[in-house]
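Take a look at the structures below.
Both complexes shown next keep subunit A, but they swap its partner, so subunit B is in the first and subunit C is in the second.
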Partner chain A sequence: MKRVYVNEEWCLGCHLCEYNCAFANSGETYMPKALKDQKIYPRIQVEEGDGVNFAVSCRHCEDPICVKSCITGALSIDNGVIKVNTDKCVGCYTCILVCPYGCVMPASDGHVIQKCELCTQNSCGEPACVKGCPNQAIVYEDRGE
Partner chain B sequence: MNYVIIGNSIAAVGCVEGIRSRDKSGSIAIIGDEPYSVYSRPLISYLLLGRTDEKRMKYRPDDFYEKNHVKTFLGHRAVKVDSKVKCVTLDDGTMLPYDKLLLATGSKPFVPPMTGMDSVKHKFTFMTLDSAKALEEVLQPDSRVLIIGAGLIGLKCAEGIADRVGHVDVVDMADRILPSILDEESSAMMQQHIEKHHISFSLSDSVSQFTENRATLKSGKKLDFDILVVAVGVRPNVELAEQAGCEVNRGICTELSCVTTVPDIYAAGDCAKSHDITTGSDRILALLPNAHMQGIVAGTNMAGGEEVFDKAIPMNAIGFFGLPIITAGSYDGEAYVTREPGIYKKLVTKENLLKGMILIGDIKRAGIYTSLIREKTPLDTIDFDLIKEHPQLMAFAKKDRKIKLAGAKQKGDA
Partner chain C sequence: MAINYMVPEYEVVRDPQRCIACRVCERQCANEVHSYDPELNCMRSDETKCVNCHRCVSLCPTHALKIVKNNDTFKLNSNWSMQAITEIYREADTGGMLLSSMGNPNDYPIYWDKMLINASQVTNPSIDPLREPMETRVYLGKKPDHVERNSDGSLQINTPPQLELNVPIMFSAMSYGAISYNAHESLARAATELNTYYNTGEGGLHKDFYQYGPHTIVQVASGRFGVHKDYLNAGAAIEIKMGQGAKPGIGGHLPGTKSVGDVARTRMIPEGSDAISPAPHHDIYSIEDLRQLVYSLKEATAYKKPIIVKIAAVHNVAAIASGIARSGADIIAIDGFRGGTGAAPTRIRDNVGIPIELALASVDRRLREEGIRNNVSIVVGGSIRNSADVVKAIALGADAVYIGTAALIALGCHLCRSCQTGKCNWGIATQRPDLVKRLNPNVGYQRLVNLVNAWQHEIMEMMGGMGINSIEALKGNRLMLRGVGLNEKELEILGIKHAGE
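And now, the complex of A and B:
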């Protein structure tokens, strides 16, 4: 299935993916309105190091330990995409306890979690982080996994 | 193939999922003594908080049993397991023959004998949906509630009711709260935080005598109350396992395959022991994620698979009044501790491995630490000084990041 893959050699550390993610999931249609003077809660996070940067988001594992561990049944696999039902989630953070990539995070209100759903649940349709990446440091493709 | 599952909670669901991953046609029967389809028991405190409801507490959609062709016997107890003729007898006399049996019988609250308990009118345990409903029915805005037990269950109950009653007292024999998951310092920090919410603690103390509305403690302290909740601990339900001839030593003894000492009988969840890789000992890890994963392994193997449950560790994600706690592993080793206002972090290392952690306040990306514990990652293969600061994939070697993030195969060259 198609996943977001990282080319860390190309990452500029510009954080545009974080902004595009936050915008895509804001429900707003005008980026400044969605992001200006707002604390953003992106589902993709850029790690910055000594001469190397990369963006990390949910790997949509085939055998996801977050789904197995979820205490409410809020996390499930839908056609390979790991989705969260925020109506069921109570924000216990067991998924944060177990995700080996650190790719589940509390949502802005702290009462539920959020994670990358490959923009299947917003109007973007395909991962906004990849679409807006200026240097192909993240790509959305099928590598036979 | 006839599969029978005694118990209808998380391990049972895992078992069904495990069986159906290999066997789509065998018949599955589930026996559950509660009259409900499967729900998440840890959510009962969130129910009292008003953060969920009975519908949303369901662990699986309503059509789970139908979709998986599971015949349910809900509101019934299994009263006998005959492992010679391979048959389970229910309380109404129904007999269910099995080829493979799962004991997912869970645990029950332990209520120690205490002088004068009989005179207490409103007394409860806190484990099932019915127990939460019964407690909720008697809560009044001016109720004084006494909880015996400052562990996970007692304190989740306290949090669930704190804003709905007048006052909550918590008594525990231990000298600190949450002793099973926190060290002294982090426990004191959580206690201070919880005490801001009309909750008082009497620690290193216990009840010597009850009258209807008063508990006299060993120290001589007297606590007046209207409602009593006993949450001192749980005991595994092992009677059927013993009757069937399975070896039981506190919990039901299992192999890594989740089979018991009796052929074709498996056990999973809070009734069963598993192998804690952080201590090297077999013990009950009564945790929902472990119940589910153990159930999946049991079910897969009941259907002819060859899986092992070999990465069990103690781990908890829990929080109180907005302050989150994440803990995992064991705390015997060299400790690295950092503190900031509202934040406590302890990492414990031993023999080149991360063995355990306590995180309070800042729990971001904690799973990266958990995976180091679970996978027994040698710390000299990563930049531990970097990851000590905060969990990050930057601390891994580039080739490992290629595997994690770029789809490179384990041994191939990306």
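And now, the complex of A and C:
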């Protein structure tokens, strides 16, 4: 299945992916309207280290520990994409604790969780982080995994 | 504190309605123009540091930025321009020579733009390159003067070594050191895919790039950096660099700060030491000396590789080329006064050399008059900006062209002309690892391939319009050119008629 992969060799740490993610999931059509003077809650986050940058988002694991640990059945696998049903989520954060990649995070209101759903639940069409990456560091491809 | 006489050349204009303070501009600017004020939650800029490279403008997700020419001005003066005054301030501040990069930007005539191309109408049919064969392949090297046959009548094949190009465009010499590893990889891979050549410049060939050897021209310059037997044999041809269009008559200087790690290793010099190329080759003071080096290199490579001699276009270029054509060289490369550089003294770059169009026309004529045009192929560079320039160059007698600046622009260069600072925000003219990685060669090589493919289509369209179906038939075909706004002398040197004639 097609997944989002990050080549840290080409990641510049520009953080554009975070803003593109936040915009894609804002429901707005004009970025300044969506993001101006807002704290953003992106589902992809750039980890920065000593000369190494790496954007991290949900790996969409084949055997996802977050789904197993969900106490309400809010997390499910839909055609390989791990999705969250926020109507069922009670905000217990168990998934956040168990995710080995740190890719599940509280939503902006703090009551439920959010995670990357490969832009299947917004109007972007393809992952916004991939589309907006200036150096092809983030790619969306099927590596047969 | 001393008085700061400088006025910022550019102004950073930020649209506060659009800026979302994402800080992408701040993170992307190696010149540290942008900064974030957490208390005001807004971006600030220090335009004194801005070189107008447009990295921030290109990456701003909300298009909130633009860079404009600062209209703060000294008292207007037609003689003492703002530039003339600030250059004096700068020299008075530092006592040092002014340095510049890329090609001469000044307002000299551009002869390409004063020549127009012919097309067929009624009496001679034009050719549609999409439906009919159209040949853009060229071979560079010495051509035999006559056919020789064996006693049984079969042909003797004794063609000297040739370079085969699918399209008459090569990437000109830019050294590893002046430009980054990723820029070199992009050029090498693009040349391979396009079946043409890129040129190492004088910095040697990184061991990772020996695999692209069949599409590499290896250069031997006055510093002889990185030159050894395997290097000479790795390339498809060897270029002796006698001169460079941006800085004829002077050598080169890669500062120790750029001569780090693999750059120093590839040049075979100690890390951190300045790489100084002398102005002359210390073993070449005559055509006879040049001939010795040409034949030394041929000897070292078993006479299997053509030897290119590259010179800058200067006043007596035709006589110099005539000498080179008799030196045993297979190809002459001529670099015009607008050719680029990673660093050159400003006064040299802006005032030395002659236009490539005039140099090419006079060299081609001189070699034909002397009956030695077939001894050598002619390659020209020094601001070939588009496919029409290529067509005009070929019609003036070139066999192929070198593109350097155009190739870098394809890789993202915005001609900010600040290469000498080593802080290229586009990852091209820098060795800083965090900046080098900004040029992903997977992206870069594809952009170069696209550029040359586009030019090839355009060249075929223009040739088809003239009713010509091969580069061979266009070569030196001056009847396909007409001058506009040129005086008698210029037309005479170019060897073309005026429009309307």
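Rule of thumb we're sticking to: the second predicted complex is superposed on the first by the 145 of 145 C-alpha atoms of A that agree within 3 Å, B and C clash if a C-alpha of one lies under 4 Å from a C-alpha of the other, contacts with A are read in each partner's own complex, and residues count from 1 in each chain.
To be clear about the criterion, a contact is a pair of C-beta atoms (placed from the backbone, for glycine too) under 8 Å apart; a residue touches a chain by one contact, two chains touch by 3 or more.
Keep in mind that what you see is a predicted model, and the values were worked out from it rather than measured.
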Evaluate whether subunit B and subunit C can sit on subunit A together after superposition, giving fit or clash.
fit
Max touched-residue count on subunit A (subunit B vs subunit C) belongs to chain B
At the Cα centre of subunit A, what angle separates the centres of subunit B and subunit C, to the nearest 10 degrees?
150
Contacts of A:73 with subunit B and subunit C, given as first, second, both or neither
first
Applying the document's definition of touch, where does A:27 land relative to subunit B and subunit C: first, second, both, or neither?
neither
Answer with first, second, both or neither: which of subunit B and subunit C does A:35 touch in the superposed model?
second
Considering only the touch criterion stated at the top, classify A:56 as touching first (subunit B), second (subunit C), both, or neither.
first
Shortest C-alpha to C-alpha distance from subunit B to subunit C once the two structures are superposed, in angstrom?
17
Residue numbers of subunit A touching subunit C in their complex, please.
9-10, 12-16, 19-20, 23, 31-32, 35-38, 51, 132, 134-137
Interfacial residue positions of subunit A with respect to subunit B in the complex:
3, 5-8, 47, 49, 52, 54, 56, 59, 65, 68-69, 71-73, 87-88, 90, 92-102, 104-105, 110-111, 143-145
In their shared complex, at which residues does subunit B touch subunit A?
14, 40, 42-43, 46, 51-52, 56-60, 288-289, 292-293, 296, 315-319, 322, 324, 326, 328, 363-368, 370-371, 375, 391-394, 398, 401, 404-407
Which of the residues in subunit C end up touching subunit A in this complex?
17-20, 22-24, 27-28, 41, 58-59, 61-62, 64, 433-434, 437-438, 440, 442-443
